[in-house]
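So, here come the structures, one by one.
Next come two complexes, and both contain chain A; in the first it sits with chain B, in the second with chain C.
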Partner chain A sequence: MKYIGVTNHLKKCTKVISIKRDHSTTTNEKLQSVVGLEVHAQLNTQSKLFSGAQNTFGGLVNNCVSLFDAAIPGTLPVLNRKCVELGILTALALSCKVNEVSSFDRKHYFYADLPAGYQITQQRAPLASDGVINFQVFTPGVHKKPYNKSSKIKQIQLEQDSGKSLHDSDLKRSLVDLNRAGAPLIELVFEPDLEDGEEAAALVKELLLIVQRLGACTGRMEEGALRVDANVSLRRYGEPLSTRTEIKNIGSVRGVAGAIRHEIERQRSVLENGGKIINETRSWDAVNKVTVAMRDKEVVQDYRYMPEPNLPPLRVNLYTREETQDVLSVPLIKDRIPELPEDSRKKLIEQFSLRPEVAIQLVNEPVLLNYFHELTLGNTRSPTKVANLLLNDLLTVLNKRKFDVEDCVITIRQIRELTDMLLNKHINLDICRKVLDELLDSANNTSPLDIITKKEWSIVTDEEEITKRCTEVIENNPKLVKQYKDGKVKVFKALLGILAKNTSNKIDMSIAAAKMEEILKKL
Partner chain B sequence: MNFNNITSKILFLRLLSKRFYSKIPAVPVVTLEKQSPKLKVDTNTIALLERLSLVKCDNVEGVEILEDSISFADKILHINTDNVEPLYSVLENENLSLRFDKITQGNCQTDILKNATVTEDDYFVAPPGNIPLHEVHDNECNQSLKENEN
Partner chain C sequence: MNKLTSYTIKEVHRAYRDKLLTPTSFVDLCLQKVRQTSELNAFVNITEDVAENHAIDSEKRFYIDKKIKPLDGITIAIKDNFCTKNVTTTCASEMLRNFVPTYDATVYAKLINNGACLIGKSNLDEFAMGSGTVDSIFGPTRNPWGYNGETDWRIAGGSSGGSAVAVSSGACIAAIGSDTGGSTRNPAALCGVVGIKPTYGLVSRYGLIPLVNSMDVPGILARNIDDAAEILNCIAGQDDLDSTTIKRKYQPIEIQENFNLSNLRIGIPSEYYCEGMSEEVIDTWRWVADLLENEKVLLKSVTLPHTSVSIAVYSILNQCEVASNMARYDGLEFGLRTNEDYSTEELYASSRSQGFNNVVRSRIFAGNYFLLTRNYEKYFLKALKLRRLIANDFNNVFNGDNRVDLLLTPTTLSDAPLYGDFVSKHNRDQCALQDYCTQPANMAGIPAVSIPIRLSKTTTTTEILSKLNISIDALPQKCQELLKLVACNQLEVDIDQLDPVAISLQQSLQISRKLNEEYEILKLKHKNTELQTQIDRNSKFLDNLRKELNCSRCSLASQTPNPENIQDHIKQMKQRVLSYEESCNKATMKFSKLSVPDSVLPKALQAQLSALNTLHEEVVDWRQRADDVVFTRDAREMFNRLRR
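Then we have the complex of A and B:
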């Protein structure tokens, strides 16, 4: 009795304690990672944002610079019409609300590659706001199935790029090239809607495809035409956002995934060891695959934003198709939006009955997508087989040589001829891959047929020849034939293997298999 | 005749100048509002300002000038601006003029580099990053940094 009474008492106590402690304070609870992106995309224009100097990559050092870009006193900014057009086009493609009136501000900071001491940007009233980007997350090898994700866009603003600094740490100095100073950028600010690096990488890839379709940006990340800053933080599920760190200037899609994955792991281990995350800027070291803290972490910068006094407000016409030199018509720009990647994927799935992951991979490589459309024109070739050829075989050959898909020199005429030969079984897959490899080396427009004849790769489909070869194999391998006749069906594959070896893979195996079976049955 | 005409004109101008005053008061006007106590800038803020502006002002005279400037500017805080839209530019009602996307400038490397004291292979030569002025941290700041380095 006494014992029972004690346990009851204990039960009561534990109950009271558990009620008191409905918010657990343990650190072992699962942490959720939160990721938000800021993307800078260079606009694809002839001249710079506010000056008539050439906007180019890799020009003669300090040559594509106007007096305004070098901040010579007395010069004034004049906005490039094309930049406004491309900015609005991108905003509309991302379902943003374009603002009827937007304005420019000065953001001050001191750095040698910013001659004026301030950057002209849009802080108070950006060009556009409240958009959304929808995309599919699918990394072969990471995800089994693609899933949909979306991220809201806070705002899209026009701003100037800075010059470029080369750091010479031995001599303790920086070398400055102003060719990029004043180049036109759009900055896209995304809400922290993502959870990991793969989602962020998928978002960047989708954005890249969109701006390339629009012709707004070359998308050449290796040239810095599209740069990503990622804000990463961890929190317990359901709690408000915690302190974040910012990873600056990530220059590739895979870099985005790697940098964020690493930063999440770093923060998790800091928190699990009882540490604290400080608000700091880090950079991604793509070679060593780590994020490292940058120097300027102690002080929160005060940018001393102020309205740009030299530029009156920018106005656009939201309602009608009338436009003047200074007021662009938004509906007219809307008419010019091409088919977007999302629509392309839907079309591929609906019209060609491709699987979603195949559609995603095709759309991700514009060159392959173009091949696909050319090859499926007129409905003579099987879309699934064509897609498989492009994604499995062509891509494998390119990857093996570390070629960029963009640099693929194979012409549509060549790939068409080769595909027909493969689908009509004049060649087998093995030879097809070899031909693809040869085509990358050969002179422009060499016919795949020429290569096959030259290398004697053509396949034998002639039935008489095949019968002859089959009989040869059967005669030379009486043991195997006997085993087969005794019911060991597995041996059939071995016979075919010998046949393939004897003929150096040059005969049509499906015809050969049928023939072989036929002859064996007759025996 | 002619002479008379001129003297009458001068008389008229004198009359005008008596009736119309200059818009700038000859003596400083004391604001009716109570003067807020003079602001003191602490050493950390001075250090931050020096870092941001690359201007050295950490001496008695410099700090005094800074504090005087702040109290001078503080006067505008007494003005009631409720329901008044800020005016950012007198050209607010104008449209920003746009230019066609054509290359009209640049290609002038020699002009651009002309004013630079040090160049190397047509690059400007600059010190690495910002000039690090001495930094003052209070204990709290130091401590929090140490904690975070774990």
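Then we have the complex of A and C:
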């Protein structure tokens, strides 16, 4: 009997070995990357999730801290109704099923910026589950055409944020700021439905737009208001998911794309060299563009989850529009959902006949979208031309200055005036860009016309002046005129070029061309 | 003097109105009492200044504003695990020795708003983990009953022992304790005062440093039911700061002078009659039951089947929540912080090991073990399920057709143990024994009250009573008063009259005997049927065997040879064998007579063969010799020819 046992064992071993060999030989076959996201969004509320302390970014250090936030013994959590409202609003906008009863759990770990030694979260019964986010993937320069993608949402849960630790390595000291401790977060857990960084970035961008529209979150990633964790793994097509790594706390949309792209490449090269992916937590170094293993997360934590005994289960009314102090009405919250980015894009395409990629870009920049709507009001201006002006010229000027679109100071009145001048050909595109650049520096009541007059950029449309200038050019270039007269029509353009140069581009070229031809024919 | 500090709230207020006393003078009396009884170690911190300020405020309201609050000039003690603004709140732990809260617990705030005067913060087991008030960094609290300054004395019970002793010794009119597994009722019973554990959520826990959040309730200790009810009316009600408080508006309790007991149904849970319960306690239990029965109360035996597992379940849940609640004591924001600066982890470790005693640390360890992901379902989840069953037990008893209104049980299994005996046991065993009858109420969240019934025989010596300044004449009166409350001020009771108890004992004995017998009969019946089936099975088997035997017999009979003619057969065979042997002998004889020629015999043949061989060898020899001869002749001829 024993002998047989041993041979069986041997057989097993050989099997294992052969599988391993298979594995290493097939790494050259096509590997599919799988990406799933977990997003933490800070809720945009006056006070924190369980305390009355102010929920704000950039307050004086340790100044927005209640007794509860510092885990003073004897204090108890009191759930902030507004947080639940915003959580449900977000859940509904993402077509989640809001759970009639959800509950809170304690997640334990020791860290200096976690005063209670546990975080209150919703592990077992989340606020909402089973949602979906639909979005278009289109990165100019990467994709030629936009394509549709969707990712399922496993759950949305309410939880507390932690404080912030500052490590002073010179003094060997750590300092803790509890202003953020207890700030309300929703964690959105997405299924691993994505394939690369660009899709993930597009998802995050869409989510940002949605939460901003809802007013649920400021979406300021640079302030940490929305943080992304990405789970990345590689597998052969059709096989189950394999070991994944988690990239923690990515702080920008482009960072999401970069971090995931890098991580996929890293894993691919590890596998191709016969290595093995280990389950680890990594962070994104945005400066060196690499993901790095996080040292303090090496040990697998057992969070020792336990139901939070100080908070009764959270109940909501799913069916009627009746509300009480403790029970929110979900239908009432549903009534408050504004137009979502997806609808905006559809509208732009259907009502204004914009191309899909133009619509995506416009919706991605709420400030530009607002300009667009203002400028196309009353149907006097061509939507396509307006969109091009905003997306090509204004954006170029802003990018050159490294200005955020949000910080664009140009008023509606100014841009309206400028657009009209451009569309009516009082100025050309070149001047238009210059004016935009000037407007960024000037006071917001400066008129574009004033700038043009002051800088003498206005276009000459006066026929007499144009005739005079044309005649000058003709007189000074007898050779070219002779060639033209001999039938070399091509030189007409050269003459126009000279004219433009002489007048520093300030002349209406369409009128000038007509005049020039007229004069030449008369000769 | 002593009489004054044993007045009820109503009596004190009457004295204030009659100006026999003023709040300030009464507070002074109480403080004096505290100093006189300092040996008992009931207080961790005496708040003289606070008490005097409160007394002055009360006096103003009493005599100047004429707007009297329900607790004006009433002295109270608060267990030192309730936060009090600007007054240290230590939990009797090194960890919080210097912790000064910046806020008031809701219970304390409500008491002060109702005019109460805080005399001091009372002693407890560290973080309320215990049932004796022996594990405190300030030393144990001593039970005033039977205390004569000698080395061994009785424990106060716990963990709210300090509060119970403060009330019992007359240092204050009422005190606040906390009750997680019996921490208010246990010392109340051991110190002879009333202890109330309100319904979970009736009184706010805000500011109570938690032991087990899902079971903690602030408790009330007072010398009589009226005072206890008055205090409860002042502190109960919904609190926005505690989400687990009951939302329904609180209806103040009024204790009527007369009410009909005959509508009352009282249950006696059979499971509470347990191993280790002293004869005296059982005796008293029966005595009260009879007392009530005489008042036409409908008494019936009820069952709470999960009582026996309750203490184990309680222990698991307790340790899990303790592990979680204690995680915040890391020395960073508040509390003890050692000078360890190697790393944050080292700082945590050294602060926590210095800040907590062994009991706290071991509960943290056990709790963290139970909460590990791999153990969660095995222990914590199971404990939660059992807790539900325990709560359901109570639900079943209090609802349905066969319901009762109240349960009558003892609070403790015995009278107050001696300190020496008590501390020789492990904390876990202390609690398992002391909390047996009390913790199920915490698991179910239901209210409970412990009422002193009579003095333990071991402690009611005249000597002790005189030491406590209680005259023997006053004793029956006092007990009578307490009993009046039990029977709602209706009874004139002689506490020495104990005989009717025997009847109920006999009854229950008979019932249990009968049950036992029935059970035995059932067991026998069961055995009987089992045996019967075995017998049936065996006889069937035997039948089968028999049938088989018959069958084989028949088949044998039809064969030849068969057992009947086998002998003949053998005889025939033997004869045949004999005849064969005969013919065989004949044949040998015949054979031996025949002559064989020698040449055919093997020996002759062998000799011929060897002769043949030697001839062969000779032939070879001769042939070789012939060759040699030919060769020499040739050689000679050649030689001759050459010579020529």
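Side notes on the structure shown:
Rule of thumb we're sticking to: the second predicted complex is superposed on the first by the 494 of 523 C-alpha atoms of A that agree within 3 Å, B and C clash if a C-alpha of one lies under 4 Å from a C-alpha of the other, contacts with A are read in each partner's own complex, and residues count from 1 in each chain.
Here, contacts are C-beta pairs under 8 Å (C-beta built on N, C-alpha and C of every residue); 3 or more make two chains touch, one makes a residue touch a chain.
Quick caveat: nothing in here was measured; it's all calculated off a predicted structure.
After overlaying the two complexes on the shared chain, residue contacts for A:Ile519 are found with neither chain B nor chain C. Contact with neither chain B nor chain C is seen for A:Leu423 once the two complexes are overlaid on the shared chain. When the shared chain is aligned, chain C comes close enough to touch A:Tyr118, but chain B does not.
Applying the stated contact rule after C-alpha superposition, one finds that A:Leu67 touches each of chain B and chain C. When chain B and chain C are set side by side, the one touching more residues of chain A is B.
By the touch criterion defined above, A:Leu480 lies against neither chain B nor chain C after alignment on the C-alpha atoms of chain A.
Of the two partner chains placed by the overlay, only chain C lies in contact with A:Tyr305; chain B stays clear of it. Applying the stated contact rule after C-alpha superposition, one finds that A:Val176 touches each of chain B and chain C. Judged by the touch definition given at the top, the superposed model places A:Leu76 against chain C, while chain B stays out of reach. Look at A:Leu496: by the touch rule set out above, it reaches neither chain B nor chain C. Across the two superposed structures, the residue set of chain A contacted by chain B and also by chain C is 67, 70, 78-79, 110, 112, 172, 174, 176, 302, 304, 309, 311-312, 326. If you check the complex, the residues on chain B that touch chain A are 48, 51-54, 88-89, 91-92, 94-109, 111-113, 120-130, 135, 137, 141, 144-145, 147-148, 150.
On the side of chain C, the complex with chain A involves touching residues 82-83, 89, 91, 96, 99, 101-103, 105, 205-210, 212-214, 240-244, 247, 320-321, 323-324, 326-330, 332-334, 341, 344-345, 348, 368, 371-373, 376, 380.
Residues 67, 70-79, 106, 108, 110, 112, 115-118, 172, 174, 176, 302-306, 309-312, 326 of chain A are the ones that touch chain C when the two sit in their complex. Chain A contributes residues 45-47, 51-54, 60-70, 78-84, 103, 110-112, 165-169, 172-178, 270, 273-278, 295, 298-299, 301-302, 304, 307, 309, 311-315, 325-328 to its touches with chain B in the complex.
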